[in-house]
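Have a look at the structure below, then the notes.
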């Protein structure tokens, strides 16, 4: 889908010289990056550093999806946007910022909400890693199912208050989101950033971490976070890696007899709206 | 030094609302941030995300020091700069980008090299945490000694290839850089990014981590990385925290009978030049 | 290794009267425990070995201050909470039937939804 | 706890013929070990307990491929390399005199200077 590069240009060699030196990447790894397209679902606190470092590293194509507009209260953590972008679509604002950094990356902003109607078609245009940084529960199930149905890995992270979590789902035989969470949580137990608050640099760290895992997958080295949950506690500056269960034979979407074979109504399934605009504070 | 705020403005409350919600920060913590000034030594791969997240969070004053100009080979990791900034002083380019994100932060670019002649005077203008993201050996000793002589903590990180390291020196009775490394390393064993290469997102993660520790110190919560070495291995996505030795009684600068009582010639001490422009590849 | 741990566990319990555990909660689950993330608890001795199912009941009675329905549903944890035993997903350890050993580390982690 | 570890160590050595260690290197120090970061080594039995000073000599003879002067200077590691024993700075453990125990984890880490 993205223009297949046979070789690096002189400008590429100059721009990426410091990472071309790495035996873990090298010229072949860099060419692999340039052939990779990644969809970022959500251009918020996680999506901003993620898009920034993927573009800087030379990912071929970057889809930037967000239905929301930039607000002043975003700027403490959504560092790709600026004060002048208030009111602008986040997808557009992010694309402009990314272009400033690396104009050779093909950047496609999507100012829309991911839905069961458009998700598969969109995700199938992004052959490699599909990244979610989305927070609400219905969209997490939607992105998961769309990734499983299209056979793509999902590099998922979240951040709230002073904590972060990261897992690569549906990757090399590992579990999908539904394998871990077959039943959605009760809505009153779900807290988002507007309710619970978040220290901006925590999604900063987690979004960079997502970028790292996407780059490891895209370059051909592979992620070390499949079937792993990485937990970060910012207060004591500690990371913990947890071994997760394998792919579950009884999983509704990736199991042996899946009951989910197409995308359905995720708001009904979760008993929640797929936006985070209004939500009560609970825990 | 920076204007002492008695209360938050309505715009502040809107902008920082998501972090004001945190019991770990709150209004008092936010006011503490606005009273803090931080000097960032080096606006490169670590300094960029560091400046970005400190400014986003509402640090009162940010000194941005770098003697270098933006080059194309910087852009894979130095994400505050853009293609249009090539040839511009990094300190200026970083200041412009930071202003775009948060115009309420007082931003002071220093396009100069830190030296024994200017270091103390500069650092004394930044009462709270002094952050170094500088890589060459003489500058590390210079910044360390200047921080010890002015009684300020030093949040230090480095990144090379696929690895990162972080320590908060001279903090709450913990060791300084010299306590750990009383003798400089042989010059041929020192590798920098031009020699060894670096995956851009690795300084991204470490710079965010520095920002986190600066924010914890500045808000009054305190860092958890004094007398600790945090090691990050990007290939297996693992962090390790190592307990370091305490402050050494025999340390030449922070010990009981210090022999270093003013800044001296660090290039002679280290047998190395305080730039990273030319260096042979060794290990 | 699960079997060896279980047998070690059995041996343990015949020698030992009380069971000491580290209980951690994070991701928001700590709010059910009065905001405290780390608990070091001692379970009273009993003739049978303690399993996780019994631990959940004990926690409800002794640690949870309010709204136990946000922690358990039926005899297991509610959807959205992941249980980790000694840094592994409890699904790998036998879930509710895992027999607890002295000094075990049990973590209740709520999935985060922010970004 | 150092004393208790040392006495445990003594006891260990009277029972045991060989000493098995995990040696890790990072930050660039692994380049002295042929680029390999993790080594699982077995030290031969000897009448006296092994200490770190002897380990450095053994490493020089058995693991380092070239340029030993970039690893040791005199009888200690060269400036710029930090030694960690079981996740603690070796300065806390007795440095060269620390007596190694079976299954000890020894890390040689080079200070990074990139940014």
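For clarity, chains are labelled A, B, C and D in written order, and residue numbers in each chain start from 1.
What we mean here is this: contacts are C-beta pairs under 8 Å (C-beta built on N, C-alpha and C of every residue); 3 or more make two chains touch, one makes a residue touch a chain.
A quick map from chain label to UniProt name: C, D = Ubiquitin-related modifier 1.
Since we're looking at a predicted model, the values are computed, not measured.
Mean C-alpha positions place chain A and chain D (Ubiquitin-related modifier 1) at a centre distance of 41 Å. Taking the mean of the C-alpha atoms as each chain's centre, chain A and chain B sit 28 Å apart. Note: centroid distance chain A to chain C (Ubiquitin-related modifier 1), computed from Cα atoms, is 31 Å. Chain A has residues 161, 193, 196, 198, 241 in contact with two or more other chains. Taken together, the touching pairs link the chains end to end in a line with two free ends. In this structure, the chains touch in the following pairs: A-B, A-C, B-D.
Listing the residues of chain A that touch chain B in their complex gives 11, 14-22, 24-25, 49, 52-53, 56-58, 72-73, 75-77, 79, 81-84, 100-103, 161-162, 193-202, 204-205, 208-209, 211-213, 215-216, 221, 223-225, 228, 230, 234-239, 241.
Listing the residues of chain D (Ubiquitin-related modifier 1) that touch chain B in their complex gives 26-29, 31-32, 70, 78-82, 84, 87-89, 91-92, 109-115. Listed in rising order, the residues of chain B touching chain D (Ubiquitin-related modifier 1) in the complex are 42, 44-47, 133-137, 140, 157-161, 163-165, 180-186, 188-193, 196, 198, 203, 229, 231, 233, 240-245, 283.
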